[in-house]
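Here subunit A shows up in two complexes: once beside subunit B, once beside subunit C.
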Partner chain A sequence: MEGRVSLEFRIVLLAAWAALCFLAFPIFVAAPVSLTPERFLSFPKGEISWGHYEAFLTSDRWLASIGRSALIGAISSAVAVIVGTTAAIGLWRISSRATEYLRAMILAPMIIPPIISALAFYRLWGQLGWLDSYFGVILAHSILAMPYVVITVSASLANLDMRLEQAARGMGASMWQTVTRVIIPNIKVGIASGAIFAFIVSWDEIVVTLFIARRAVITLPRMIWDGIRDNVDPTVAVCATLLVLITILVLSIQLILPNRKLPKSNG
Partner chain B sequence: MADRDLRLEAISKVYGNLAAVTPTSLTIPKGEFFALLGPSGSGKTTLLMMIAGFVAPTDGALYLGGKPITDDPPEARNFGMVFQGYALFPHMTVRENVRFPLWVRKIAEPEASKRIRNALELVKLEHLADRLPRTLSGGQQQRVALARALVYQPEILLLDEPLGALDRKLRGEVQGELKALHAKLGTTFIYVTHDQDEALSMSDRVAVMRNGEVLQNGTPRELYERPETKFVADFLGESNFITGEVSGWEGGTLVYRAGGELLRQATADRSLSPGQRITLAVRPERIVASPQRNGEGNWLSGRIEAWSYLGKYIGLKVRTDAVGSVNLTMPGWTSDEALVPDKPIWLNWDPGAPVIVRDDR
Partner chain C sequence: MTDSVQPSPTGAAVAALRPVRSGAGRTWRSQGPYWAILSPLLIILAMFYFAPILEVLWLSFSDPELGFGNYERIVTSDAVLRVFGTTARICAATTVLAVLIGYLIAYAMMHVGPRHRTWMLAFVLIPFWISVLVRAFAWLVLLRTDGPLNDLLVSLGIVSEPLHLVRNELGVVIGMTHYMIPYAVLPILANLQGIDSRLVLAARGLGASARKSFYRVYLPLSVPGIVGAGILVFIFSLGFFVTPAILGGGKTVMVAEFVSIQIMQIAKWGMGAMIAAVLLATVVLMLVVVGRFINLKEMLGAR
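Showing the complex of A and B:
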C-alpha cells in the first residue's frame, strides 16, 4: 500500500520536475548563447565572451526600445486599469443579465486570437491614421490589456459586500466618494494585480504591434523579433538572459523580504 | 420642529410580475419607534429600502414633513441606516468608520472628534476606537454600525434586522440599549424584524406584513389583543382558532355554535347575522382549566392530550369534542394537581377573551 503511494508520488514528482525543466529550458539556451564570441546565434565552443553584453548595454537602439516599451507599458496599463476598474465596478454594481453579455464583450480582446485582433487594428488604425504612432500602439495595448484588469478587479469585487456601497451612500456619500474611499481601498489587491498583468501584456505584445507599427514605434519585442529575423544577432540572447535574471531577482527579493504580508482577500 | 412625520402614500414595488410591496400607506410620526414585522419574503426590507432610497418605488410617494422625497437619492435624505450584517468598512478602524459620514458632510475638527467621541460613548465603545471591525465581536460590530449611523444626527434611523446575527442573550441586552437610546435621542426609529418578541417589546407601533401587504398596524397591545386577521393572531404570539356559525344574539352577546356547543362572544359588530361563519382567535393564557364545571360562561369538556412544564408556566394541550385540540397555559406554580394524560378536564373562557378575526390564510 505504502509502496504504491510512494511510486505514484515519485511519478508525480518526476513529471513535475520535467515540467519545471521544460519551463526553464529557454534560459538554458539563451544564457550560453549570450556568451558566444561569434557574431551570430551559436553556442560558445570553449571560449566565452562578454562582448555582446557590452554591445547591448551601450546600444542606443536597444536601450531606447526598452525605454519605449516601459513607457508604452506604463501608459497602457494605466489606461487599462482606469477603464477596466471602472467597468468592473459598473458591472458589479448593476449586475443584471445585460451586464453579463456586456462582460463577455469586454473580455473579447482576450479571447479573440491575436492575429485576428491584429488585422482588425491594422484596418481600423489605417483608416483613422493612427498607424505607426505612439497613440495607436498605446490604445491597442490598452484594449488588449483591459480584460485582465476587469477579471482581477471583478474577482476582488466578488468578495466585497454590496451593502458597503449602500451604507456609504446612505450616510450621504456621493458615488465618487463611495468609489474612492470605500470600494477602491477594498479592491486594491485586484487593481494592483490587474496593473501588473496589463503591463506584462503590453511589455511582450508582438503580434498586434508588428501590424500597426513600422519605424517610429519600435518596442523591445519588436527589436528582439528584428534581431532574430534580420541579422541573427546574439544580442537578442543577451536581452533575453537579462530579462530572465531581472525577473528572478525581483521574485527573490519579494520572497526573501521578511514578514511580507500576503495579499489577503476580504471575506 | 413641527410636523416632521414620514408619510408613505400608496407606495408599491413590483419586480417583473411579482409585487414585492403592494400599495401601502403609512404615517410614522416623528420620534416614534416603528417596527415592520413579518416573515421573510413579506416585503418589509423592500419597504425599508424604499424609505432609505435604495429601491425606487414603482408607484406612490414619500413625504417627510409634507415635502416629497420620493425622487431624492439616499445621500440627500439624511437618514441613518444600520444594515443587516452591519456593512462596516473593513479597511477602516472603528473611529474612521464613525468619522466617514462626518467627512462626507465636511464637518471640521474639533467638532468631528467631539461628535465621534460622543457617539462611541453612547454605544460604550470608546476603548475600541482604534480596532479594525474584523477584530470585534458581533455585538461590538453592531454598536459600531449604530454609532456610525447616529453620529451625524439623522432625522430617521433605519434598522434592518440589526440583531439578527446576535445570540439570544446578547439580543436581549442590545434590545434594552436600543430602546434606551431611542428614548434619549428622540430620533424616529424604523425597525425591520421577523422576531415578534423584538417588535412587541421595543416598538411604539408595529406594522405586520405578509406577501408585500401591511395587514395591520397598531400598538403592540392592540395587535396582540385585537388582531384583525388570523395571520396576525398567529404570527404575534400563539392563538387557538375556533370556527363557528352565528346562531343569534342574546342581549349584547353573540351566540354561535361550534361543534355542537353553544358559545358566547362579546362583540360590537352588529352586522353578524345568523348562519354566518366566523373564526375566533383565543390566546392560550386566556383559557382556564378546571377539574369541574362551575358557573356561567363558555365551558368545554375535554381530555388532557399532552403537557409540558416550562418553568414559568405549564403548557397544556387538551382534546375537546367540540373544537378539537386547544392549547392553554397556566402559571407553573399554581397547580400541583396531577396532570395525567387522558384525564377529563373542563375549559372555560370569558366571552370577551377571544376576538373575531378575518380568515386570511
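Showing the complex of A and C:
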C-alpha cells in the first residue's frame, strides 16, 4: 500500500474522484443561473445581469419568508433543546433496559418517512385547529428536531463520568443544582450542536410544512418549492446561490478554526 | 435492533459503569426526578406524534368503511400497483448505483494517505450540507432538455438531439443516487476499516494476483458493509418525496407523492393511509433486518 501504486488503483482513484465531483456538482449550478439576464431559467450566454438579485433583495415575500423561517427555526430549536436535553439527561441517569427501548422510540420522528409524519400532523392539527398557524408549525418542527438533540446531548453525556452526578448528590446538592451546575456545564458542546442541528432541521423542513401550512405561514423552503414547481422564476436560483454561499462560509470557518488551535497544541 | 445496540462503544461504557451504579443504590427516590425530566418529551411524542400516527394507521382500516377494502386495492388497483412498481424500480436502481459508487469511493479512501482521505471525506459530506430543495433545483436546471448538459452533448456531436434526462424515472434516479451516495459510503467505510489488511497481503504473499486477492479475500469480507449500506439506502429511498416530486415532473410518482395526492387533492384518507401503512411497515421491517448487519445506533448517532 505504501508507494506501490498500480495502474489499476490509479484508475480506481480517478473514478472515485469523478464520483466525488459528481457529489459537489450541484453547488456550481445555481450561481450561473442566478446571473442570467433572461426572465426564465437558463444559463447566461455572454452577458450577465444582477437583476434577479435586485428582485430577490427587494421582494417582500422572499425577505419575509427568510425572517419567518429564522424565527420558526429559533423557537423550534429552543423548544427541542430544552425538552431534548432534559430527556437525554433522564435517559442517561436512569439507563436501564426500559430506557434502551425508549431511546429507539424517541428516534422515531427522525427515522419514520417524513410523509407519514406529515399525514399525522395534518390529521391532528386539523382537528385541533392548528393548521396554518405559527404554533402548529413550531410544535411540529420541534418534535421533528428533538431526536437530533437527544442524540448529540447523549453523545456528550456518554463521556461524562456518572460518579460526578453521584458525588454532587451525595454532598447534598439538589437535583436542580446537580443538573444546572454539574451536568449542563459539562455537556455544553452537545447542547450547542444539538441546537444547531435542530435549527437546520426546521430551516430545511418542507414535507411536513407543505401539509400543515398554507398561506399564513410561508417558510423559505416553501417559497423555493413554489418557485421550482411554477418553474418560471430565476429568483429561486438567487436564493439557492445565497444558501450555498452561506453553507460554504460556515463550513470554511469551521475548517479554519481547529487549524488555528493546532499550532498552539503542538508548539 | 437490540442486537446492534449491544456491541456499540456507548453500550460498553454503560455496561462498565453498571457496578458503580448499583453500588449507589437504584432506588425510586434517586431515579424518580430523572423520570420526571424525561417525561415531557415522552408525553409530547405520545400525544402529538404517536397518537396521530396510530389514528392514520387506523384510518386505513376504517375509511371509507370498516374492513380491508383499502388493502384489497394493492392487488386490484392498477394505479396502486403502478406506484408500487415505480417505487420499487427507482429504489432498486438508486440502491445499486449508490452502493457501487459508494464502494468505489470508500475503497479508494482506504488506500490513500490520511490527508488525502480527509479531503475525500469532506467531498462525501458536501451533499449533507446543502438543502435537498437546492440540490433538486440544480439537477432540474442541469438536466433539462434545453439545459447545459444537453447543449454540451449536442454541440460535441455525441447525440444528435437532446436526451430526456429529467421529468422521468432517469431524472429521479440521478437525483436520488446523488442524495444517497454519502449514506452508502459511511457504512461501507466503517466495514472496510474493520478488515485486517494483512489478510490481503497474505493472499498476495501466497501468490494470488492483486485482482484475485481482491475478489477472493477483500470483497467477501466487505459483504456485510455492502448489504448493510444497500438496505439502508433502500429504506431511505422508499419514503422520498421532494426529489421525485421535482425531478419526476408529475409523471413519475413514488409512494410518498401518491399519498400526498390522495390526501391533499382528492381527500381519500383511507387510500392514503393504507399506502402510508404499507410504507411504514416496510421501513420498520427492513430496519429490523438491517440491524443485524450494521450498528444502527452508530450510523444514526455518529455525527
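Observations
Convention: the second predicted complex is superposed on the first by the 234 of 267 C-alpha atoms of A that agree within 3 Å, B and C clash if a C-alpha of one lies under 4 Å from a C-alpha of the other, contacts with A are read in each partner's own complex, and residues count from 1 in each chain.
Following the convention adopted for this analysis, a contact is a pair of C-beta atoms (placed from the backbone, for glycine too) under 8 Å apart; a residue touches a chain by one contact, two chains touch by 3 or more.
Computed from a predicted model, the values in this text were never measured in an experiment.
When the two complexes are overlaid on their common chain A, residue A:Arg169 makes contact with subunit B and with subunit C alike. Once the two complexes are overlaid on the shared chain, A:Val83 sits against subunit C while remaining clear of subunit B.
In the superposition on chain A, A:Met146 contacts subunit C only, with no contact to subunit B. Within the superposed three-chain model, A:Ser133 lies out of touch with both subunit B and subunit C [touch as defined at top].
Within the superposed three-chain model, A:Gln177 lies in touch with subunit B and out of touch with subunit C [touch as defined at top]. Between subunit B and subunit C, the partner in contact with more residues of subunit A is C. In the superposition on chain A, A:Asn186 makes contact with subunit B only, not with subunit C. Shared contact residues of subunit A with subunit B and subunit C: 163, 166, 169. Against subunit A, the residues of subunit C that register as touching in their complex are 1-2, 5, 9-10, 13-14, 17, 20-21, 24, 30-31, 33-42, 44-45, 48-53, 55-56, 59, 101, 104-105, 107-109, 111-112, 120, 123-124, 126-127, 129-142, 144, 146-148, 178, 181-182, 197, 210-211, 238-239, 241-242, 246, 255-256, 259-260, 263-264, 272-273, 276, 279-280, 283, 287, 300-301. Subunit A meets subunit C in the complex at residues 1, 6, 8-9, 12-13, 15-17, 19-27, 29-30, 33, 41-43, 83-84, 86-87, 89-91, 93-95, 100, 102, 104-124, 139, 143, 146, 150-151, 154-155, 158, 162-163, 166, 169, 175, 179, 204, 206-207, 210-211, 221, 224-225, 228-229, 236-237, 240, 243-244, 247, 251. Chain contact summary for the complex, subunit A toward subunit B: residues 161, 163-164, 166-174, 177, 181-182, 185-186, 266. Only residues 52-54, 73-76, 78-81, 83-85, 87-91, 100-101, 103-105, 148-149, 152, 158 of subunit B touch subunit A when the two sit together in their complex.
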